[in-house]
Amino acid sequence: MHSVDLDIYRPIAILMIAAVGFAISPLAMAWLWSKKFSPRKPGPVKNATYECGLASQGDAWIQFRAEYYLYAIVFLIFDVEAIFLLPFAVAFSGLTLGAAIAMLVFILLLAEGLVWAWQKRVLVWV
Amino acid sequence: MNLEKVKSDIEAAVPGCRLQIVVNGSPSGQHSLLLDREHAFAVAKFLRDDPELCLDYCSNVTGVDWPDTEGSGYLEVVYHLYSTVKKHGPLTVRMRTEDRKDAVNLPSFTPLWRSAEFQEREVFDLYGVVFDGHPDLRRILMWDGFEDHPMRKDYVDPDDYEYEPTAHDAVLKRALEHSNRDEKAGGCQ
Amino acid sequence: MDQKLKIELSQQGIFATTLEEVYNWGRKNSVWPLTFGLACCAIEMIATTMARYDLARFGAEVFRPSPRQADLMIVAGTVTKKMAPQVVRLYNQMPEPKYVIAMGACAISGGPFKQGYNVLKGIDRYIPVDVHIPGCPPRPEALIDAFMTLQKKIDAQHLTGDLRPRHLRADTSSEFVVPQYGAHDLEPAKNPKLWNITLKATPTEPRAGENEPGKS
Amino acid sequence: MIETADQIFVILQHWIVGFAPAGVRWILAALFSVIAILGAFGGLFAVTTILERKGLGRIQNRLGPNRVGPFGILQPIADAVKSLTKEDVVPYAADKVVHFLAPVVLVLGAFSVYAVLPVGRNMVLANLDAGVLFFFAVGSVMELSVFMAGWSSRNKYSLLGAMRAISQMISYEVPLILSSITVIMAAGSLSTVAIIEKQAGYTGILPHWYVFTPWGFAGFVLFMIAATAESNRSPFDLPEGESEIIAGYYIEYSGFKFALFFLGEYLGMFAISGMGITLFLGGWGAPLSFLAWVPSYLWFFAKLLAMIAVFIWIRGTLPRLRMDQLLNFAWKFMLPMALINLVTAGLWHFLPQGGLRWLVCILMVVVPYVLLGRGLMQGQRLEKRVYQFAE
Amino acid sequence: MSSLSSCLLLSALLFSIGLAGALVRRNAILVLIGIELMLNAANLNFIAFWRFGPNPEALTGVLFTVFSIGVAAAEAAVGLALIISLYRHVKTTNLDQVDSMRG
Amino acid sequence: MLGEGIAKGLAETARNFFGSYVSKERLTTVQFPEERLPQPEAARDFPFLVYDGPDWQAGLRCVGCQICEKECPPKCIYIEKSKDKKPDALGKPQFYPAVFNIDISVCMSCQICVEVCPFEAIKMDTEFELSTDDRFGGLLWDKSQLAKSNEHYNKIHPTEAAEVDARLAEEKAKAEAKAKAAVQAAAQAAAKAAEAKASPAPPSAPPSGSAPSDSAPSGSAAPSAPATSSSSSTVAKND
Amino acid sequence: MSATATGSTATGPTAIRPTATPEIATQEIAGKAAAAGDNPGELLEISLGPHHPSTHGVFRMDVSLDGERIVKLKPVFGYLHRNHEKIAETASYLAAMPYTDRLDYMCSLSNNWAYALSVEKLAGLQVPERAEYIRVITAELTRLQNHASTIGFLIQEMGASGTPLMYAFREREKILDLFESLSGSRMMCNYMRFGGCRVELPAGWLDEVRKVVAEFPRFLDEFERLLAGNEILMARTQGVGVLSKELAIQGGITGPILRASGVNYDIRKVDKYGIYDRFDFKVPIGAHGDVYDRYMIRMLEMRESVKILEQALRDIPSGPIMDPKSKIRGFRPKAGEAYGRIESPKGELGFYLISDGSPNPYRYRVRPPSLINLTVLEDMCRGYNLADTVVIFGTIDIVLGEVDR
Amino acid sequence: MLFTILAILTVAGAVAAMSFRNLVHSVLALTLAFAGLAMVYLQLGAQFIGFAQILVYIGAVAILIVFAILLTRDAGTTSKSALNASASNSSGWGGGVVAVAVFAAMAWAFHASAASQRALPAQPEATMQQIGNALMLQFALPLEVIGLLLTAALIGAVTIAMHDRQETR
């Protein structure tokens, strides 16, 4: 069912494959170099986690504060808003004032969420 | 600041304390006040809080080792006190431990002057004076498992002088001792 | 590269020669030091990277704070016994090829502080040092000079053959013993694999006539 | 002649592709463009590193690298050779697969966005209908790769760096998209090519770039600030904040993997600058009408280099923000400004042409700027202080 | 070979995987991931029916998907917030343990 | 207004950037191996031993008194005093350092050895390009490496060296005068004695005493040096 | 107390942090181990240092982070403990002088002066007037270069990619050139002696100094244009790391940090050591005690130092530079003790010497400003960000050689 | 052909996401599934939806999940009991059976349905312009509703997530 439409993605696919190749080929070269000339020598100290010259104590994978999450929520909401704004923006020049106002209301709704979060001191990093 | 007057003031304020003026022979003329262990904290508190003296700033804490004095010797801690308000000083006060082995306890002045915190830890680390009432008395300069008190006069350096191309005097002696030890142990190679 | 070396290399084939040249050229011109200052010398090391002396001209201003990305450890200052394990660990954590410049008297031998109980008498008791710069502290120019000495040293290294440097050999470890804190001293007090001088260190007798210290 | 110079790469591509059988022509054509993109921007990365080092050097009263090759231009090659031959250390504690994938994904994401970036007239890999959306969508993959790097290293500093990186990138993505929506509103298309073509033409000698409107200017500034943050450039370089968290999320990366992170970051910077150019600075268009004879791709790269110079200049001047200030700035200044700017752009469309439109729109931009700026400063209680002297 | 039936098959497969995950895995976050997968399967259905449906000009399917994405995002935000809140109280995200702690 | 200070800062860096192309003030880099800043006269790096005349062994001013060894704060000097005496530049028999080692891997360039030396024998050099990969060979300097001529000293510290030379010349003149006086006194005494004894022995000056009478301020080689240098070189061979 | 010091210490936006009064200060130390209980996140235990780009060498802080907020901070010392005091006690009085250069290696001449001053007190030596002027000139030059590079490092730690530091070092090099032509060494000057100075000034040196001093305000202006009004810098520094007046005195803080907290205590004014009573200069006093104040106090102090230098260069007399009673070899002060202190760029630098009549000091003690200024580090950092810690630490301006000795 | 590859990618991602022990790995696999699905959308001619899928799901939802994982200490250290529970729990088996049954039912339904036999119609036009017009003209009210929903979700989620924030300040 190759419709004409799909052709446009082909170069992108090739670009992506090439990009992966671009990243992997030097790594492969480096690997070959290490095989041929400069052997890798892992060791318990060398491959230990770096922590300012000391032996690392405790795990790094710990539970973080919830503050990060609040920002992520606000971001998610506005990211979704962008999804609605984009088609609107494309169609904007052909739209009536009423449609624009409809979008303004939409934006204001979300802005209200922002203002609420602002006033609730959600956007305060502790 | 007249030391005699300070002494009498203290004696009036802290009954029972035994003070002694230690005369300094050098041209600097900085005579000092020797406090007894039992009343030292009270005296220090008086020195800090007395509105006339108002020695709110403890500048310097020094440990001194006197191994040869008075039989078994003693450790001494010297405080230099100033006033940021009256802008006078230094008032030198000193305390002595009983001996250098076991009875090495002295009252800590850290609760009075935070600035003594690290310095007292240092004296503890390097001289082995134990400060009672210090909130966090750990070694500060040497590592935790270290056992000696290196600033004492009778401290013996670790034996790590293998290579000493320009050795002489005490250094040479140590290096020689080292090589002798190595020969006994079958050579260092 | 001297002539003899070239001939020797040409026997290994022109490819290897070119490869070696490119390899050494790349390594010597892209030496990224570790951001690692210990004491007084560190200030002169910083001064070397500053406007007047500008180590950047050699492509070496990329001071990497993480040992994983650094090539050169400039031991700039006194290594105390309390610090020595950390220095060795950092060196171990650097990827090969890695170089060490012992900058200043303290790093080489303990320097003026070597009589101290907490001072390591030379970092080469634990890690191999490529270039020593005497001085207390060495002038920034001296560090640049040492840097160029290191570049020359890198340039003279072989990629193949028996003379190749340590990091190209599979049989040598790139890790060195990290000393532990002991009750009186570090344990071990030296890395015997590195610190095995065959010199008779001291005169057998004090002030004994013609006996020469420092020479065997 | 001018036409030929402008289209030389396009003609070359057609000429080469012409030799191939019809079935594989598209592959060849795509490969030609892809190799051109990889080569051009990979090369630009090398040039930028040396330019940055030399430029910073000049700002700091010194010379910068000048020993390797003439004027030090071979410095990046030496660095590449060194990185290639450097040992690759993967910590034992690390999550090895993710650790390996992170730089690859970063480079993949960084390169993919070039698909919709027109570097010259008729020189775009894929003129997508939703090109700008593609740019932002694929660009968001880079956030994930940064997280992968920081998390998989299992290092405390790298994890802090990763958390910082994600917080920062998500916070600035919203103003980034919102400020570019103003342009989309004006251009009526998400296609990058169409946006540039909308900006073609001149009034007198001045071009019709969107940056020369009140909302466009504000949008451009917002976009570039957000772009700086998105590409982790100073003063928003917190994820790798050297003086705080040592090297941030790539602290445990060595050898060429580390170089790939550098590459990815710079590619991201070029891409986002290129998008800024496309949206606000007329893309490949000449800045003055009588300069239109210069090939279009040269204009694009000239503008890109100018943007890079600004990035370097800013890096040479400013200290880093703190995390809370960074987020405050994003949410309490950038986002409201972007929203207001959106409204301004709408207003611009509905107001009749003339001086009033300019006045209203400028006020719409400047007044919130001043107010929000002041609010930001006062929220932090920032002030210039007067000091007293004793005696 | 892409046709409506294969799209629907993929959608059904995704839905089932999501469902299986949501039912089998006991970690709250994984359950949420499963739910996200199910929503995605639904989105795929919208698109497939739009593409192969009777009047693709209407764009209803596309817009439905847009809205669905919005709803799913909101769902994810609230769901994860709940999980975090839950974790804060019972210090686990394992639903069994949550159950037992409640009981 | 927000951004004002940032703009000011940007202007400042831009000024420096463009200034670096026109003004030396804004481009302070000295490209070290090719360009060098002149070192000030007082510059000091590591000590060296001054010798007068062409022969370093004979001309060393050091008498092995070991004061510098004792005073050296990091204890980086090692001296062994000779057992015999050699005539120095003045011709006076002096001890000399049989061994004189400085471990410059320890030396802290503090100049205290220079200050305490009563013989102007040890001075500070300005050489700093000493980096080496040879820890034990390259950084322990013996007498032969340390000895540098008075001309070298004059070159690196002209003012100070001139003062030193003048002072030495003065001392030497004094010593000569004293020696002469002594000789004369001896001669007179001898004459007296002779007179007293009424013997015809001729008054003769000791040859060694008259040797440095052709002295120049920068201390040319003592004529008597060849006679003793052989012995000193045998000692030095052991270095 | 000056009139300026009456302003209350700033509470600022960080009022969440309890300002430690003397009474609760000790409780706080005692309660340091107790972690903040009610935080929702786990604490991330990180050691900053000993190898960290912004710990000024080999310092270490064991930090507990809640997110990025500091909950607990334990300084760990000793990584540069080079036994300075022990070495000095086994060597002659003179031999300790070059070692003092290496205490605070940014400002060796101040250290020289402090040590010389103490020995002069101990032995009762008189310093000739010209030598006093030379000491003032060198010490103030030292202050200039130290403050300049401190601020450079501070901004570096805020993340500027070296530019301010480079500018600071550009000026520092000029001053180091002066030191080198005076003493022979750039950093380790070893210039002062008991009872005077080692060598007479080289010809034309004072003119060189005049040139540098005349140019220095231009650099300060440039620095101020570059940074003082910068919003990012203000945001990073204002209200950060607030140190209250009471806690500053309690913690024995000295130097610009103390004055930034609003205490008028400058040893140059209090002790009037040397000839500082002859110069007309003022002591800038801060009101908030935050990082910005400490930064600005240093900037202002540099301007005051330039003023002192101008006066000293104008007035310097000719004459001898050494007390004739002083001698280089065989220096044996009478048994006794003396504590001498100066206002070094970092704070009160004191030397406490006990002599037993032998050629080497019986007890030789350095009162290092850097170490004691660190006493309140945890109090200043607690509740702030990781990024702030680095900046707060930077404004304390420590040099590890002095902290650990 | 292409569709098959994409479908396999998507399903593999989904299966991996649901079966990895390490939650972060799960999320990364999930992004793979999302990406595969996005490509399916592209293949079906819904360009906008495809990219929106990437932007929202990979760029935002995955990040959100990652945050949630880091905030609940499940990264890499899924507790053993949880694993055991998933392996041996009878309800787990039951869940699997239910899922398979659902799949079978749906697959049968799709297969049997008449619609699925329909031939591929011509490529519909779905330009951004049209989507925008449709959104603003036909779906203006749902837009407002979704705006309300998003705001409500923002407020709700934030309220839930920060409920003990005041105490810590």
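Every chain is named by a letter (A, B, C, D, E, F, G and H) in the order it is written, and numbering of its residues begins at 1.
We take it that contacts are C-beta pairs under 8 Å (C-beta built on N, C-alpha and C of every residue); 3 or more make two chains touch, one makes a residue touch a chain.
No experiment lies behind these values; they were computed from the predicted model shown.
Shared contact partners of subunit G and subunit H, listed by label: A, D. Among the pairs A-C and A-H, the greater number of C-beta contacts is found at A-H.
Between subunit A and subunit B the centroid-to-centroid distance comes to 59 Å (mean Cα coordinates, whole Å).
In whole angstrom, the spacing between the mean C-alpha positions of subunit E and subunit H is 5.
As a whole-number value, the distance joining the C-alpha centres of subunit F and subunit H reads 84 Å. If each chain is reduced to the centroid of its CA atoms, subunit C and subunit H end up 55 Å from each other.
Within subunit F, contacts with two or more other chains are made by residues 2-3, 6, 9, 12-13, 16, 27-29, 31, 73, 75, 78, 101, 103, 106, 108-110, 136, 140. Annotation for subunit H: residues 2, 43, 45, 48, 52, 55-56, 59-61, 63-64, 67-68, 70-73, 75-76, 120, 128-129, 131, 135, 146, 150, 153-154, 157-158, 161, 164, 168-169 touch two or more other chains.
Residues of subunit B found to touch two or more other chains are 141-143, 150, 163, 165-168, 171. Note for the complex: subunit D touches subunit G at residues 56, 59-62, 156-157, 160, 164, 234-235, 237-238, 241-246, 315-325, 377, 380-385, 387-391.
Note for the complex: subunit A touches subunit G at residues 51-54, 57-58, 60, 62-68, 126. Those residues of subunit G whose C-beta lies close enough to touch subunit B in the complex are 1, 25-26, 29-30, 32, 77-78, 81, 83, 85-86, 90, 121-124, 247, 249-254, 263, 265, 270, 333-341, 348, 350, 352, 354-355, 362-363, 365, 367, 371-372, 374-376, 404.
Chain contact summary for the complex, subunit C toward subunit G: residues 35-40, 42-44, 46-47, 50-52, 65, 67, 77-78, 80, 82-83, 86, 90, 106, 112-113, 115-119, 136-137, 139.
Chain contact summary for the complex, subunit B toward subunit G: residues 24-28, 30, 32, 56-60, 62, 64, 78, 80, 84-85, 87, 90, 92, 110-111, 113-119, 135-136, 139-143, 150-151, 170.
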